[in-house]
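Shared between the two complexes below is chain A, which has chain B as its partner in the first and chain C in the second.
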Partner chain A sequence: MSAVGAPASPGAVRRSESSSSWRLSDRIGLGFAWLLGLLFCAVAVSIVIYLLIQGVRYVRPSLLVTSPSAGYTQSETGGFLDPMIGTLIVALLAMAIAMPVGIATAVWLSEFARPAGLARVAESTVEMLAGTPSIVLALFGTIIFESPALGFLSQTSGGIVFGRSFFAAGAMLSLVALPLVVSTVREGLQAIPTHVREASYAVGKSKIATTRRVLLPAARPSVITGAMLGVGRVIGDTAIIVVLLGATLNLEGVGGVPLLGTLRGTGSTLTSYIYDNAPTGDYNQPNKAYAAAFVLLVIVLALNAGVDVFARRAKELRWG
Partner chain B sequence: MGLSNPPPVRWLTGSAAPAATLREPQIAGQHGNGNGRSPAHGFVATPRRVAPASFAIDRMQVEDLSVSYGSKLAVDSVSFPIRQGEVLALIGPSGCGKTTLLRSLNRLTELTRTASLTGRITLDGIDIAAMEPTSLRRRVTMVFQQPNPFPMSVFDNVAYVLREQARRRPKRAALRAAVHEALARAGLLDEVSDNLDHPALRLSGGQQQRLCIARALAADPEVLLLDEPCSALDPQSTKVIEDLIVKLREEVAVVIVTHNLQQAYRIADHVAFMYLGELVEYGGVKGIFGAAREARTREYVSGAFG
Partner chain C sequence: MVSQDDTFVEASRGIDDDRRAELTLGALVCLVVLLLLGMVAFVLREAWPSFAHNGLAWFGPGGSVDNQIQAIFTSGDLREAAQYTFHAWPIVWSTILTTTGAVVIAFVSALFVAVFIVEFAPDWLKRVLEPVVRLLASVPSVIYGLVGVLVVVPFIGNHLVTQGEKASVTPVIQLSGYSLLAAVLILTVTIAPIMIAIFAEGLRSVPRGWIEGSLALGVNRWRTYWKIAVRTARPALVAGTVLAVARALGEAVMLSMVSGSVGFAPNPADGLIFLFEPSRGLAATIIRNTEELSSPPMKHTLYAIAAVLLFSSAMLSLIGWAAKRPMKRYLVAGGSP
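On to the complex of A and B.
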């Protein structure tokens, strides 16, 4: 702001509008905007740098390939292989539900949306879901998955359904990802100009053929972006994992069937591992917590970078 | 290239006596006389690049058509014929109902929820209201103002039209000949034959628009509707597309909406001048631009308004 009012040297080209003609209050407002923007950047950057430093200090390749185990010292308690596998499983389960449901909802809301009343209800349901804290979803999940009818999705002993399993956590986590998938895909569909749809109708194509063969392919970058945003949210969620995945650090399968047993059983994810190993957690091993947090952060940052790439690609091929 | 789709004989004979609903001035004799008389009323005419139509067969009849959006009347009891062998240009200022009229010819107006339509449009004597919209739109296809190839390869853009609804079949090899033919009819094959697999959205604007024409031709329509197809293009691309339109008029009946009066003069055989939803005048191109009967037409083509 020091250059305000300084006379432009002759011949120099002013590239941008000078704020010297602005009212004082506008200039103060602009200054505030700059200050707050820089402040937020500083906060974000310091979180990332702090975790990177802590992570680099504590991450050992061995941590990534050993399972957690009981022990008295940090060298005896193993790594976080199981939580990483757990994160992968819940992400896959949640997205396996959220993607088809989310894409279908987005297509219906964007292209069909009749009757209008039902569309409004669906829309506010999705919005409500987006605003619901995940701990509330977790609580609701315990009621659903402890019901005897869904006993086959977790373990049962003496007629009591345990209600905590990868299935339970994945299903409720899909509700966390769903609003993101719906809104991203819907925005992608609505960004397609009307004349593109009409061009398809105008060569005798039905609405369903247009949706399937023109609109969904056109919205593919948005679908991928929605999936990445959804995964980012799912693997970062802690409340549903703590409440619905059970408290075991290791994958504890149920029954003899290999994969199904694991999914019906309990385990942990990187977030619950961090939660338990944080200085305030049950196990209090901050070094392990930092190492796991570092891994989680790297995954989430990679997903965000992927989102950027696809958002740019989506802009590249556009109609004039 | 010839007629890919020979019309039934009864329409050949029928064309000798145009429908009684026509408000066509008797200017047919002016068509071929080529006396070089420059049009009056200040319209600066470039020489027509186009030889007069050698034949004309009635394909569509618009009879007393009115279209309204809610309570707003967009097209007010309009009647005229659409002929194969000729290019029909719809001209008029913005908001005069040209595009609405064009869209009602293949029932795209139905996509607008508030639109309602009275009157009758026939295609080869059959009321289009009685047809399945998808089969009507395969016979009366449309090209839009903005080039809008689908986000797929050049080949698939055309193959999409040839395949049945949402199917993936028939496969590529079975469609190759038909895709090549459509691209050739649109004058695009030579430019894209080496990269049929490239994304269509990477083509230049003029090529994209010709791809859209190829797509519209792939359905083998009787009537081709063009909604200001050159308004987003540069003069070179415009010339290529105009030449193409004139070439196509023998294979399909062509209706073009245009804001560009010179373009209408260059390529049209008949011109319909619309104003505020009404069809003010329908007639041969020399008549409209040289000796219009209606004062409003004379004023419009001389640039007094619009």
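On to the complex of A and C.
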């Protein structure tokens, strides 16, 4: 984003200035900034270290490969293999919808955007979607997926559609990821200077061919960044999962077809596992919740590192 | 994407492809827009019976919300007249209190922390802090909720609330640590990193020349940063605040974990004890009652709550858009992207 970059070089010179000659209000302001900055460091460090310690205390390799089961003590209730698979399924489903739609929307907004009125409406709609609470999306999802026409996406008993399944949750979660994908890809496309497009038109390429062969490959780091940001939001969302994935800890498929049955069935993800295992949830097993939180945190950390790498690559791509 | 009709000449095929692509993409975008407009229409339609029955009293105080919710739910089960009486003041008030409290605290601290990170921190600390801020901004809120419910809530319940305070309100409510204070604290920790990240990005894109110009005039570093960089970055401040408020309003799971699940309106007039009183916000109310969607009146009531949330977040986007508009010229004048 920034054209200036981190202000590094002149710092050494200016830092020699002493603040003793400053006005009192300025000194108080500076002190306050230092105080809050260091307080923030302290809070950040304590949160990270606390979660690390709890994670290392409670994560066992066996937890990662066993399914949750009923039991009286925390040693009997199994691990969280199913929630991890659930997180994976939900992320894949949501991104399978959000990526094509998001890239298409971004391309249209950045390359075509005619008529201008529709472009403005689309832009503000996507912006509004970014601000919509996910719990509202979840409630909306219950209306859609309980309609008889979409009964094949979840389980049906006696003509009543249950409306809770991986399909339902994935579809609604794609709306959570969509604004992030659109804005990141669009930014990447707009960073490509016009003369690149013109060079392609000059050799007789059509607009859409230019987009597919030149612009999208050039914007690939942005596309990947958008996807990772989207996945980060999707796996961190809890409200939609709690409402739309049913409340079963294990993956419970419907019907005989293996994969399709699972997708039509209910399950859980790491976030809903944490929610259920917190003292306020249905199961109350804090140790398991800590372990799951640690695993989730590691995934988020990995995604963040990935975003860093690709965002830097997007910046390194300079157009002379 | 190649046209099947071989009789087209090269050039016209390109134009043809373009037209088709534009129409396809345009149709897809229209579909997304229609889906979202449909969502708004659906939510409002489902919410209408509850609003129509209660009128403006929906937002007002009166009776116990929890009893009303119970009555609404059971009236859908038994085949009697559907109950719609709902006075949501305690949960609206809880949302207002937690959101305002957290956003005010987070805004002030995020502004100072962002200035610190961008300008005043030593270089090695800057390099460490930037990824840390981004990590904290992307930690799922349910993890913050877990830490809150296992660390902050017991601490408040065992150490901050005195026995005398607990006894003084026993007839009305139980003070166990699930409190407004815990909700505001955890919500602040959740939204502050988002604000810091956006504020810092705005501060970094302030043209360097403006700051150096001010420094060259002999204005000290703090005053330069406060008067020039922070003011130039106002669009980022607005954008970050709007996003953070939207997050705070829609935060359902985390708040339902730490704020206690009682439809009770903490009253600041009671003195500081109101900080220790439990409450439950709008979004948390929805998530606590999703199992009861099968009861039609309950469904309409929950959708009414969702409509209030949707309306607030739409207004928020509008405010953000309106506030950013006149500020665009600053960025254009500065020549930054």
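Simple rule for what comes next: the second predicted complex is superposed on the first by the 278 of 320 C-alpha atoms of A that agree within 3 Å, B and C clash if a C-alpha of one lies under 4 Å from a C-alpha of the other, contacts with A are read in each partner's own complex, and residues count from 1 in each chain.
Simple rule for what comes next: a residue touches a chain if its C-beta (ideal position, glycine included) is under 8 Å from a C-beta of that chain, and two chains touch if they have at least 3 such contacts.
A quick note: this is a predicted structure, and the numbers were derived from the prediction, not measured.
Chemist: Tell me which partner A:49 touches in the superposition: chain B (first), chain C (second), both or neither.
Modeler: neither
Chemist: One more residue to check, A:70. First (chain B), second (chain C), both or neither?
Modeler: After superposition on chain A, A:70 lies in contact with neither partner.
Chemist: Contact-wise, after the overlay, does A:125 reach chain B, chain C, both or neither (first, second, both, neither)?
Modeler: Only chain C is touched by A:125; chain B is not.
Chemist: For A:199, is the partner it touches chain B (first), chain C (second), both, or none of the two (neither)?
Modeler: The answer is first: A:199 touches chain B but not chain C.
Chemist: Who contacts more of chain A, chain B or chain C?
Modeler: Of chain B and chain C, the partner in contact with more residues of chain A is C.
Chemist: Just chain B (first), just chain C (second), both, or neither: which does A:96 touch?
Modeler: A:96 sits against neither chain B nor chain C.
Chemist: Determine, under the contact definition given at the top, whether A:208 touches first (chain B), second (chain C), both, or neither.
Modeler: It touches chain B and chain C both.
Chemist: First (chain B), second (chain C), both or neither: which does A:105 touch?
Modeler: In the superposed model, A:105 contacts chain C only, not chain B.
Chemist: Would you tell me the residues on chain A in contact with chain B in one complex that are also in contact with chain C in the other?
Modeler: 204-206, 208-209, 212
Chemist: Which residues, counting only chain C, touch chain A once they are in their complex?
Modeler: 1, 10-11, 13-15, 17-18, 21-22, 25-26, 28-30, 32-33, 36-37, 39, 42-43, 46, 109, 112-113, 115-121, 123, 125-126, 129, 131-136, 138-143, 145-147, 149-151, 189, 192, 196, 201, 204-208, 212, 215, 220-223, 226, 242-243, 246, 249-254, 256-257, 261, 283, 286-287, 290-291, 293, 302-303, 306, 309-310, 313-314, 316-317, 321, 336-337
Chemist: Provide the residue numbers of chain B that touch chain A in the complex, in ascending order.
Modeler: Residue positions touching the partner: 106, 108, 111, 133-139, 141-148, 150-152, 160-161, 165-166, 199, 201-202, 205, 212, 215-216, 218-219, 225, 232.
Chemist: Under the definition above, what is the set of chain A residues touching chain C in their complex?
Modeler: 1-8, 10-11, 14, 17, 19, 21-23, 26-27, 29-30, 32-34, 36-37, 39-41, 43-44, 47-48, 50-51, 101, 104-105, 107-109, 112, 114, 118, 121-122, 124-140, 142-143, 178, 204-209, 211-212, 232, 235-239, 242-243, 247, 271, 274-275, 278-280, 286, 289-290, 293, 296-297, 300-301, 303-304, 307-308
Chemist: Under the stated contact criterion, what part of chain A meets chain B in this complex?
Modeler: 193, 195-196, 198-206, 208-209, 212-214, 217-218, 317-320
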